[in-house]
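To keep things simple, chains are lettered A, B, C and D as they appear, and every chain counts its residues starting from 1.
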Amino acid sequence: MRRTGLLLATILAVAPSAGWAADKIKVGLVTTYTGSEAAYGEMETDGFKLGLQHLGGKLGGLPVEIVTGDDENKTDVAIQQATRMVERDRVDVITGPALTTTLLGVNKITREAKIPLISGGPGPSVLAGRQCDPYFFSVGWQNDALAEATGQYLADRKVEDVYLLAPQIQAGRDMLAGVKRHFTGKVVAEKYTQMTQMDFAAEISEIQAAAPKALFIFFPAGQESNFIQQWNQAGMKDKVPLYTMNALDQANLPGLGDLALGIPIGANWTESIDAPINKKFVDDFVAAYGKIPSSQAAAAYNVALILDAAVKSLGGKIEDKDALRHAIKTAQFVQVTGKPFRFGVNNMPVEDYYVATVAKNAAGKPIMANPVVVLHDYVDVYAKDCKMTGG
Amino acid sequence: MSEKPSAFLSRRGGATTLCFAVLALIPPLAGWLHEPFLIRQFIQIMAMGLAAMSLDLILGYGGLVSFGHAAFVGLAGYTVGILDFHAGDGSLFLGLIPGTTNALIAWPAAIAVSMLAAALIGLVCTQAGGTVFFMLTLAFAQMVYYGFSGWTLYGSDEGLSMGGRSELPLLDISDNTNFYYFCFAVLLLCFLAMRAIVGSRFGMVLRGVRQNERRLAAVGVPTRPYRLAAFVIAGGFAGVAGILLANYQTFVSPGDLSWTRSGELISMVVLGGLGSLIGPVLGAAAYLLLRLVIGSYTTHWAVVFGPFLILVVLFARAGLFGFVVRGREV
Amino acid sequence: MLLVQQLLNGIQFGLMLFLMAAGLTLVFGIVNLINLAHGSLYMLGAFIGVSVQQWTGSYLWAVVLAIPATAIVGIAMEMSTLRTLYSRPRLDQVLCTFGLILFLNEIAKIIWGPASLRMKLPDFLNGTISFIPGLTYPTFRLAVIIAGLVVAGLLYVLITRTRIGMLIRAGASDRGMVAALGVDIKTLFTLVFGLGAALAGLAGIMAAPIYSVQVGMGDGIVILTLVVIVIGGIGSVRGALAASLLVGIVDTYARVLLPASVGQICIYVLMAGLLFVRPRGLLPANV
Amino acid sequence: MAEPILQTTDLVKRFGGLVATDHVSLSLVPGELHAIIGPNGAGKTTLVAQLSGEMAPTAGRVRFDGQDITDLPMPRRARLGLVRSFQITSICPEFSALDNVAMAVQARLGHSFHFWRNARTDPALIMPARRVLEQVDLAARADVPAGLLSHGEQRQLEVAIALATEPKLLLLDEPMAGMGREESQRMVSFLQTLKRRYTILLIEHDMDAVFALADRISVLVYGKVIATGLPDEVRANPEVQHAYLGDEAEEAAAAEAANA
């Protein structure tokens, strides 16, 4: 009997207060706080909170409750966290997943539960085309497009050949497909590594032997940083020029110091874009958190902006998830790059993609500098395959 | 130990009945509390509990310290997932086998895959005893793990998402409550089957193996075939658990067959009570609920759980079930 | 040149594994304990190293201080928990050390945070070195190779030439005899454990500048280390060295020659194959 | 003389340079109780291990019941009817005494791949097991976990387990090891009752017991059989007296002679 009592007590402890109030908006933030990619989680949380702060602590007039969950950069954990948020915490909207891997896991839950999921960054190809989801939105970027920008940049400079390296995950395949899309030269090799690999000695030796004219890499920030460090240790910096996309940004640039200087980066946003809203965002972010925001932080800032606009347009009535979804899709706001934000049919952003180069700022810190627009108001290639039901 | 068998059995029986009774009442309780999450949580507990129960068969009764049990759970899950995947796009597995979402085809196939893998792995591992057995099961499980984590077609490290739960005739298990009672029935049946097995001649040999393998050899029982058979049977039941887990998550990933998952399963068995079958289900409940409850206060739940596990191992070998019935059947 | 370079990569990885495997196999040989938490010592070595570097700004100080610090942690672990496990069944050992992993990972998370940390290298280790014309190799990786070889040499001398080594060998085969020699067997066990922990710490601090330092970094490597020990022959340090190099080299070549999907299985296939031919490992301990 | 039931020819076991079994040739006829004695370190344990199948001989053959069993493992030999007991009690401590014996019955009945029927209520196992327990006087202790039995009872159980397999030849490895005087005597009288019903190879340290029970005795010294014969012959054999009974016995004999 004692045991039964214990069990009941446990169940009651597990059960939170039932029912939800329409007088606030509950935002679930599933992101990575643990491991090599933990910087993403921090950047996103800070970016979203700063957005909220700029909006006076409310979204469209509603007070906000944030529920956070650590996905540990594992899909199964992300699914568990999302399930918990949907079923137990009953959040109104989920945002966060900074990595394609975890994002796809969370999307599985939100798609079924018909709860809006707003990506704090990635826009995987699988959600951009035939399997596009009316409840999924990206206010960051479409994966391929970042690499397409770099590929276009390589093509523009008539680089003869390129060696491609990425982890064997969806985002990796997206990025390498992206580079190849507009690149006109020869692809020396297209190599995939293990998802959690941290030592790239063998790959670097291979590249050294292949002696390509350029190397394009994509890795999540922590791994990318490892790669660049080892690339330098192997003395390759001056031998083969390295190209990448926004996996090299303020999430890992501070740790790399001078090692990354001169690397071109395909991006949808950089801290050096000259727009008043961006300047305010970056300056306030530095002031509040003592670091320059990353691409994820900027996207999370966008998440706050779009939710504010959407909730406002609904007059605070967010209970109808279909209406909320529609409001998000049609939300009118100026995004952090300073341009009005617009979704494509597949709920991926239609925006400019840049190539920036790592250089030191006035304070001597490495930043993504001198952004040049490579792809204007770019509609990703998958959009044409998306036949979204329910508008 | 000195209790009369009848009183002892009834006490065990009573505790076991109580466990199942509580499990049967979870859905109405969840409805009353407006907590659908509870149903889902207990589906997970039952599925993991079944996996732990199957491990108990070889660990608690046979004394075989397998650190690769999650591999068999995961293999069955992947079988269901892969068949679902091929059913989704109409392609063929290895260019030969069409996919299906029909439970009556996919599930037996999944169990067969788990048992076949257990037979192959067991064939090598049961050659050795003790330490080498432990390390070999671990290593083979890693082999399976890396196999799936590298299999790009099925999502590699990112896992494989299923279109939905398998389809059963007459019962719609896409509904959580239906699925809950389905899992409950499966758990009960598997429990009864395993209880019969451990009481049978085969079970007696298995228990004998743990206590004194040399003694059995001396009276003419070659122990290896029995150890192997037990390994395969446990693999089969692990497969059943894997099917439930895959359908519960509608997602499978290499994480399901990692060595840490195997470690969790062992923890559940010991926490609940070695060699008690129902104990591991209690262990699974304790493990998962502790994680949930402590986890809602602090993210550092492992700081509490790690030492707790050590203390249970060192000082409370009878586990939770032993705590309930005060004693252990032999 | 590429082949030579990959061979060096393989050797470097192998020797790193050896630092782990030597400690684990010694402990196994003499006290008959499977310590899954050996990987946690590796992790702690790396974390402690990062902290020391943050205080002093020096990698060398980090190496010098992290190794004894890890040894002390190891000894504390031995004296508090593991000691009671020596006579316990394997299952208890496995579970308790599994519990220790959970605990130590979480403690590390509390102390150092969940995000990964980086270890910086001094300039003289951060470049490349060209010792044959046309062959350049990262200086630090070369340093790891040298350190690994030096440790292997010292272990050889320790085990074959010194009184402690004699006791270790004797203890592995006959505990009663060592006790009969009037040696305090408990202290000997503790010392051996401390030595194993120090080696794990060294491995951690060597790995830190290459991999990033993060919670759970030891979980994967401890499994690989167990594989090395099984291949080499349980309890045998020589076997551990041979198996480490084999695993390191096979892993490296498999990674570059085969698609990523099959690369990592190779080691396990190798293990299964080898055990089929030599069930007791490559160079079994003469027990 | 009848066809021997157990016969070893030139059995040799070497451990490195050490010869533990040195060309041992033994032969047991059905129904006899044959004892092997020898001082400590004579190689009795090694010999038992080779006869029971736990250890492979370096050279030589073992025949049992008309069949060469040299290469058969212990379980196969046991099923042929060559069953041993252990010097150091070897039982399943968590099983009851009855379970322990029933396990042996189960082994005799063939393979145990029966998964459903409860073994503890199976009369095919329980009845014979109870009979054997009665035979060794343990019926009252049938339901006690074997680990909780007294040392003497455990030794009895050890023999009972062997008996339950209905062996053709019982290989008893020091059944009186560690027993008190009274317990030993009870065991001796119990073994008396087994005599003639089973062929028994008795390895024993206790001289009184051996000379009271054995039909024939073989003396093992440094791995060699130095004498085989009737108890009186062996007792009188000077080589045995010298090598086994030692100088002390010789002196005693000499003193006896002097006194006479």
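We adopt the following convention: contacts are C-beta pairs under 8 Å (C-beta built on N, C-alpha and C of every residue); 3 or more make two chains touch, one makes a residue touch a chain.
Everything quoted here is computed from the prediction, not taken from an experiment.
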item: Partner chains shared by chain B and chain D (touch criterion as defined above); value: none
item: Nearest-to-centre chain - CA centroid comparison; value: B
item: Chain whose mean Cα position lies farthest from chain D; value: A
item: Whole-Å separation of chain centres (CA-atom averages), chain A against chain C; value: 37
item: Chain centre separation in whole Å, for chain D relative to chain A (CA means); value: 77
item: Geometric centre distance via CA averages, chain D-chain C, whole Å; value: 49
item: Multi-partner residues of chain B (each touching 2 or more other chains); value: 149-150, 152, 156
item: Multi-chain contact sites of chain A, meaning residues that touch two or more partners; value: 70, 168, 194, 196
item: Residues of chain D whose C-beta touches two or more other chains; value: none
item: Every chain pair meeting the contact rule; value: A-B, A-C, B-C, B-D
item: For the chain A and chain C complex, residues of the former touching the latter; value: 33-36, 38-39, 42, 70, 168, 191-194, 196, 198-199, 201-203, 205-206, 208-209, 222, 225-226, 229-230, 232-235, 255
item: Parts of chain A lying in touch with chain B, wherever the complex brings them together; value: 3-4, 7, 10-11, 13-15, 18-19, 70, 74-77, 79, 83-84, 87-88, 101, 104-105, 108, 168-170, 194-196
item: Chain C contact footprint on chain B (complex, rising order); value: 59, 65, 67, 124, 127-128, 130-132, 134-136, 138-140, 142-143, 146-147, 149-152, 156, 259-260, 263, 266-267, 270, 300-303, 305-310, 313-314
item: Chain A partner contacts - residues on chain B that touch it in the complex; value: 18, 22, 29, 33-38, 40-41, 149-150, 152, 156-159, 161, 249-251, 253, 255-256, 285, 289, 292-293, 296, 299, 320, 323-324
item: Partner chain B, residues of chain C touching it in the complex; value: 34, 81, 84, 90-92, 94-96, 98-107, 109-110, 219, 223, 226-227, 229-230, 234, 259-265, 268-269, 271-272, 275-276, 279
